[in-house]
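Please find the structures below.
You will see two complexes here that share chain A, one where it goes with chain B and one where it goes with chain C.
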Partner chain A sequence: MRLLGFITVVLLGGLLFHLSLDFPDLGDASSPAATHVSPYYIEHTMEDTSVPNIVTAVLADYRGYDTLFETAVIFSAGLACFFLMRISERTAPKARFYRHLPTGLTLRIEKGGKIPEDTREFERIDSVWVPYDVIITMTCRLVVPFIQLFALYVIAHGHHSPGGGFQGGVIFGAAIILYAISNNLRRTLRRMSERMSALFGSVGVIIYGGTGMLCLLLGAGFLDYRGMASLLGVDPVSARSYSILIVETGVGLAVTAVMVWIYYNLSSAGKQDEGL
Partner chain B sequence: MESLATFILTKYNYWAVIILLVIGLYAMIAKKNLVKKIIGMNIFQTAIILFYVSIGTKRGATLPIIEHAHGDSAHAVHAADYINPLPHVLMLTAIVVSVATLGVALALAMKIHAQYGTLEEDEIQEKIMESEPGSTSTSG
Partner chain C sequence: MIWQLDLIILLIVIICGIAAISIRDLLGAAIMFGAYSFMMCLLWSIMGAVDVSFTEASVGAGVSTVFFVAAVFRTTRRTRD
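Here is the complex of A and B:
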């Protein structure tokens, strides 16, 4: 199998190498990819949508259907992970373990024992010993808000600079995942519960699809943002620009929530306890 | 000699893509470990993403954000001045979707590991064959 696979890929590589000689040169402005539809996008984006970042305009406006269903695919991936992994523990564990944060002592509390209430000093942990590192925890606590702020900037400034809903959503999700890695999953779940991530994911997709439906109700085509002009009280060109921002916000919400949701389920094997 | 250099410089992006693509395909065919197969699939996807992004370039063009200033009246935009935005759009969504599908693939791998206690393909095959003749009622 190994030899057969090697022969196959070498043959394929040789064939592709031979074919690559017929491909257009790198940076050729008259290559087929650069001649059909892309010149229209480059030359008319500004007058059609008043969005300088052509990538954003094409993503959310000209090819809005594509992006709508990409968002739906991402949401379905989050759902698939949830249905595959999630285990709800019905029986209470025999003993719970708590770490006293100021001293680093671990307490074992048998079933029926008094559970410490002050969550600032006591932290529930699993029986598998997890090291506690104050430097990593504090550094990440300082860094996470700035990453989140940057993510919001990337979403909001997607019209004028590289960015948009997908990139900003991934950065925001990465910030929450960083918090979950540096602290632990229980504490992260208190900040952003699983219910919330599922809700945000679906709300993001609904914002996108709802914007399209709203355009339909206002007399334009599905995802034809010119229909939003009367609702937003601006001219059709600005309406397209504003609607792109609305749609990108929906994408950002969905991507953030789904990234975090997938991490929750994968890192704790569906139990959603301590995590990594 | 100079013609060889120009030949290499105009085609090397495809060769890099082909090398990555072949590495990914080899991992998917020849590796027995399921996680290695999944990572091979991801390398394959990376090759496709690089291919799309590299065919979007134009010599002497800048990134696809139209230069603008406040109060600037609309000026003519030439397609040759900006690189092709379409591959960037397609790959932007493909990257995020590939991360999401990677999550699903890893979730499936974790489920398989929980069921069979291994991620090696041949060992899983053996365990399936062992459980097949005796048990007809417990399947799945």
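Here is the complex of A and C:
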């Protein structure tokens, strides 16, 4: 069976390599893409949309339909993780562990014992070994706001530099995941609950689809942002630029929420009680 | 661009890819996959695709490695084959 698999991989890989010889060279000026497709975008993007970064314009405007469904795919990935992994039954664990923060003592409380309140002095910890390090916790707490600020910059500055909704959203989600890793899952869930991440995920997709529908209602085609000109009170070229920002915000919101949502389910095996 | 550098990075990509599927420790495989993604990100930026490189760095090397580590943490580090 292994040999069969190996032969299949070698054959298919060899076929792939052989076919890739037909590809045009990197930077070949006479390839079909360089003669028909790219010149149009390079010449017309600035006057069509007033967006200097052509990649962003192609992603969110010319090929906005693709990106809409990419966002929907990411949302359904989050949904699939939720349906596969989430365990909703709340059976109380056999024993709970609490840490007395000023002294670092760990308490093990059996089922039915008196549970200390989650105060400044007592904090519930996971039953597997959890290191508690002030330096790591404080450093991550200091770094997280700056990462989030950078993520917002990446989303908002996608018109001029590399970046956009996907990258910014992933960075924003990574900041929240960093908080979850350096502190614990319960504390993160208190800041951003599962319900909130599900809501944000769907709202992001709705913002994108809603922008397209709004264009349709205002008399233009679906996702033809020129229709937004009368609503935004600007000329059609600026309207396309602004609408790209609206759409990218929706993408960023959806991607952030879905990344955090997947992490919640994955790191706690669906219980969302104790996690990494 | 410097073709020697290009070649070295491409070699590291191949080595990381082979190591990621042949290593027995799943945590190690996750880390190898992260290294693979980061080297791919360097290759994208050498080819001038900065947006793709950015996405690869944030999604491939960043978040997906965290997802792998979280999954390994919840399951097992050993693989049977």
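In the analysis below, the second predicted complex is superposed on the first by the 256 of 276 C-alpha atoms of A that agree within 3 Å, B and C clash if a C-alpha of one lies under 4 Å from a C-alpha of the other, contacts with A are read in each partner's own complex, and residues count from 1 in each chain.
By our rule, a residue touches a chain if its C-beta (ideal position, glycine included) is under 8 Å from a C-beta of that chain, and two chains touch if they have at least 3 such contacts.
Computed from a prediction, not measured in an experiment: that's the story for all the values here.
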Side-by-side fit of chain B and chain C on chain A, or clash: fit
First (chain B), second (chain C), both or neither touched by A:A257: neither
Contacts of A:V170 with chain B and chain C, given as first, second, both or neither: both
Chain B versus chain C as contact partner of A:L12, first or second or both or neither: first
Comparing the two partners chain B and chain C, which touches a greater set of residues in chain A: B
Touched partner set for A:L68, first chain B, second chain C, both or neither: neither
Partner chain in contact with A:I207 - chain B first, chain C second, else both or neither: neither
Touching partner for A:A33 - first (chain B), second (chain C), both, neither: first
Partner chain in contact with A:A229 - chain B first, chain C second, else both or neither: neither
Which superposed partner A:P162 touches (first chain B, second chain C, both, neither): both
Touching partner for A:V55 - first (chain B), second (chain C), both, neither: both
After fitting on chain A: smallest Cα gap, chain B-chain C, Å: 5
Common interface residues of chain A - those touching chain B in one complex and chain C in the other: 26, 53, 55, 59, 162, 164, 166-167, 170, 259, 262, 266, 269
Chain A-facing residues of chain C, complex: 47, 50-51, 53-55, 58-59, 62-63, 66-67, 69-71, 73-74
Contacting residues of chain A [partner chain C, same complex]: 26, 53, 55-56, 59, 162-164, 166-167, 170-171, 173-174, 177, 181, 259, 262-263, 266-269, 276
Chain A-facing residues of chain B, complex: 9-15, 18-19, 21-22, 25-26, 29-30, 54-61, 63-68, 74, 77-80, 82, 84-90, 92-93, 95-97, 99-101, 103-104, 106-108, 110-111, 114
List of chain A residues in touch with chain B within their complex: 1-2, 4-6, 8-10, 12-13, 16-17, 20-21, 23-29, 31, 33-34, 37-39, 41-43, 45-47, 52-55, 58-59, 63, 66-67, 70, 73-74, 77-78, 80-81, 84-85, 160-162, 164, 166-167, 169-170, 255, 258-259, 262, 265-266, 269
